[in-house]
Amino acid sequence: MLRRRLDLVLSVLLVLMMVWVVWEARDWPFRTRLFPWMLGIPVLALTLLQLGAAIRNVAGARRAELAAGAAAASAPARRAAPPPAAPIDDPDAAAVPATVDPRAARARGLAIVGWLLVFFAAIWLLGFRWGTPLTGLVFLRYYAGESWRASVIVVLSMYAFFLLLEAGLSVPLPAGVIPQALGIGQLDVGPLSALRQALLGR
Amino acid sequence: MLEAFVAGLLNVFTVPVLPLMLLGIAVGFAVGILPGIGSPVAMALMLPFVFGMKPTEAFAFLLGMYSVTSTTGDITSILFGVPGESISAATIVDGHPMAKHGEAGRALGAALMSSLVGAVVGAFTLAAAIPIVTPLVLSFASPEFFALALLGITFVAALSGGNRLKGLVAGGIGLVLAMVGLDPQEGIERYTFGQVALWEGLGLVPIVVGLFAIPEIIELWMKGTSIAETRIGKLGGVWQGIKDTFIHLGITFRCSMIGTFIGIIPGLGGSVAQWVSYAHAVQSSPDQSRFGQGDVRGVLGPGAANNSGAGGALIPTIAFGVPGNLVMAILLGAFIIHGVQPGPDMLTTNLPLTFSMVWVIVVANIVTVAICLLFLNHLAKITYLRAALLIPILITLVYLGGYVDANSFLAMGLALLFGLIGMLMVYLDWPRPPLVLGLVLGPLVERYVFISYRLYEFGFLLRPLVVLILLIAAAVLFLPSLQRTGAKWRRVWRAG
Amino acid sequence: MRKCLALGLMAALLLMACAAPSTGSGSAAAPAKPAAAGAAAAKPAQQTAADAERAVADFYRGKTVRVIVGFAPGGATDTAARLIQQVLGKHIPGNPTVIIENKPGGGSLLAANTVYNSEPKDGTAIGMFSSSLVLQQAIGAQGVQFDSAQYQWLASAYGTVAMCATRPDSGINTIQDIMGTGKEMTVSSFGKGTVSYDPPAVLNAALGTNFKIITGYPGGAAQRLAVKNGEVQGFCTTFETVSGIERPMVEGPNRVAKIIIWAGIEAPDDPLLQGVPSALDLARTDADRELIRAMSLPLAFNLPMAFPPGVPQDRVAAMLRALEQAHKDPDLAAAAQQANQDFSPLFSDQITQVVQQILSLSPESKAKLKDLLQ
């Protein structure tokens, strides 16, 4: 049911977005406006159709719920009402295998989204070379409970990888807001230039 | 011409051409396997190294690298559900579910072999097309480009999986997203919120990487196990996958041709070819039920197409200096550096160089497939590793890929944003490929329809090639329903 | 297996850390040479200059200088940047690594904005973008977030003029054929504000020509493909492009186009321009001439490299010297020859002069140009 409701919310948001898309274009010159309207208006119509389908979906599921509730209340021994035929699959079945508790899975899902944001912030603040291994270390050791050995191996390889990219291949990677503010943003390639010379002849 | 054909082949096996090609293959291997770091970025990085080389050496190095990335990109797509290259995203749709069922070996074998077939077909098409390449490319002008882009969009329906309406909406949203940026006619900002960084539009690479990779990362962690949920004993699957390529040779070959042809059209390239060939694989199968759940044909199609595109994309590049795709644009830089003039010279006086390019593609792919086959069993074992070990690496690579494409945090943020959107789409059963297709083709449709109208007024719709392409588009759109209606009527007839 | 991996990794890191520096690069703080007391008193000027150079060298040693190029990799402009990048490093005191960072967007506007505003101002970031942006600033175009007068200009790559060419089968033989006759000529363009759009637009206003500009092509190669397949009758772009990578279009057995006008201040010495009229010559009023001049001024210092304001003067001077030496470097000349790339650089003060001319155009011209080019 959660899925159907979320789908409804998404459909509403899409309709609103398309309304904005079409509306934004109203003051533009003809040629600029042509495609946004030629595409925008039909797509708006499609999103409205989708909204209708999503509403029907939710309504149908509600009816089925009420019917099942009434049937269970009046005759618990009778067979449950057949599940409603609906475009969206039964909510909790598809994403995770039956062996994992759905609530735990959802918690892990939210947690990993949080980690995605943490990694993003770390890269922005500390750059790739420092931000990712440090965050990785915290993730592996303190969140995922991995052993020191496994964590250090993964984290060291990440650091070495970025060292190779920045010093060896001169890939321009961001230094990170904090190192830049402290003035230590630049990678001192002095000691590595000999290695690079040997590897790449440059 | 035959002498050039042979001379080109012999050139490849000289020193230092051969070692350089092998080095290029090694680099391409790494680049393709690493999600996010795409071949355009890698090619740009390698450009400085080609300064000191001779033309044949330089192109052997660069093309060796390029030929390989399409193949190895499929490996990451299958094993992790993370596109190794943005042109390998379609391989995820069926390849990754196969890995989850423990059939990783079979998927990899199929991807590798179909890649080889595709590459060879593309390379030899390039060679065979040399006499006709000039009139071939010149017969395509703006109206034809418009019609082809439109044809590409009709495949949205076939990519919608079960839900047509959602597929169409997703495709429509993709087309709308493609309008973000400066409008190509008047240069007025559209939906850019005043950000100059958005003037060229939303970047394709961060969006594709985020849209497909991040939901897989999230799902992987939610499962809490490893990528493969079941084990299937010995990895005999690899040979099964190779055999599948030839059992379904029709699909493999046709998708190779689709990839080559789409590669020839400047501006379309691998992003489009992979989805169109996937759609074709779906549509041409009598039993479509397993697509999206691990149908090997869903791996064969894109696997072949994204490799054959390499040979195809070379055609306009060397014949006219018009890059077939982003990587070709960088290759042109190498042309300039070495004073090699793309154009008629490449098809006459410089023909041995052109043929050595063809041979590099073929040989590089053979070498890659051979190496991969040796290591496939070990590669597939990664799918049995604990998720926790892979997650930090995957997240890092996704962000790296998003950043490095345009050297901007905005792009990286776009990857994250579309990653979350992708997760929502997966959870709510919205198909993602139509969105990508709309995003890629939208700008082409708009640009070329305006140019065509300005030059030819509505007459552009009556050009013979345009009519042909639009008829094919109509067939793609309506044939499946017509077939179904026809089958229904036949049943009614027989019953009555 | 895992143990081996870890050991190998640590060994590799140790190796890298211990690798003896080859060119004397190492710790950033090199010990200062003890100055002989007598010599210091005798030649104070040389000592200060040497000190200054040493200070710059100390700063750049072991660092990476990023040339932020506003174009995608592989294009002609990016390639020119790479040719320079190859030789620049060894001429900068301290021999830093010089890398190219591509930051395309808005016709190099994004790069120009970023280098001016958010990149480090310590001399490790150089901007390389289109000179036409200076004109954009002058006419008040949207999105310009820098001040050309404040940018510290270093060196440009080459100077060129604009030109327009036509296909023989277009029925147009001279520029007069489309001047005030009602006959029009379709030209392909890849967007407003580019060299494929501005020249024909300005010529339409200044000379009364009848260019029908078909814009929207996705890039220069597509623009020229449209000419090659006959979809349009001609095209306009820089003479540099046409005399360089696209020379077979206008010369030789496979030529498909003929140059019918050039627009600029001084014609390059090239047989291709023999007998081709100059737009300035054909203009009749001063206002018209100013329009044409304004449009062609940026072309004189194409692909400039610049430091943002705030970079210390000694580093600016050092980089300027480095670029001057780089452009005299025989390696650059050889590579440029092979790549058919013409380098005719303008330096610092010369560029600043042209920039000033652009910024001080008359308000009428600016208004007119804004109309035409926006």
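As written, the chains take the letters A, B and C, and residue 1 is the first residue of each chain.
Here is the rule we go by: contacts are C-beta pairs under 8 Å (C-beta built on N, C-alpha and C of every residue); 3 or more make two chains touch, one makes a residue touch a chain.
Quick caveat: nothing in here was measured; it's all calculated off a predicted structure.
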Seminar exercise, completed: centroid check, CA-based, most central chain -> B
For this session: Could you quickly compare B-C and A-C and let me know which has more C-beta contacts?
Result: B-C
Problem set entry | Chain centre separation (chain A, chain B; CA means) in Å | 23
Problem set entry | Centre distance in Å when chain B and chain C are each reduced to the mean of their C-alpha atoms | 33
Exercise. Between chain A and chain C, what is the gap in Å from one C-alpha centre to the other?
Worked result: 40
Problem set entry | Of all residues in chain A, the ones touching two or more other chains | 150, 170, 172
Problem set entry | Multi-chain contact residues (two or more partners), chain C | 101
Problem set entry | Set of chain B residues in contact with two or more other chains | 48, 185-186, 407, 446, 450
Problem set entry | chain B to chain A touching residues, read off their complex | 45, 48-49, 162-163, 165-166, 168-169, 172-173, 175-176, 179, 183, 185-186, 188, 190-191, 214, 217-219, 221-224, 229, 386, 388-389, 391-393, 395-396, 399-400, 403-404, 407, 409, 412-413, 416, 419-420, 423-424, 426-430, 442, 446, 450
Problem set entry | chain B-facing residues of chain C, complex | 72-76, 78-79, 82-83, 85-86, 100-106, 109-110, 113, 142-143, 145, 186, 191-193, 212, 214-218, 221-222, 224-226, 228-232, 245-246, 248, 253-254, 335, 337-341, 374
Seminar exercise, completed: Seen from chain C, its contact residues with chain A in the complex are 2, 5-6, 9-10, 12-13, 15-23, 25-28, 61-64, 66, 97, 99, 101, 120, 124
Problem set entry | chain A residues touching chain C - in the complex, by the definition given at the top | 149-150, 152-153, 156-157, 160, 163, 170, 172, 180, 185-195, 197
For this session: Mind listing the chain A positions that touch chain B in their complex?
Result: 3, 6-7, 10, 14, 18, 21, 24-25, 28-29, 31-32, 35-36, 39-40, 42-43, 46-47, 49-50, 53, 87-89, 95-97, 100, 105-106, 108-109, 111-113, 115-117, 119-120, 123-124, 128, 132, 135-136, 139-140, 144, 146, 150, 154-155, 158, 169-174, 200, 202
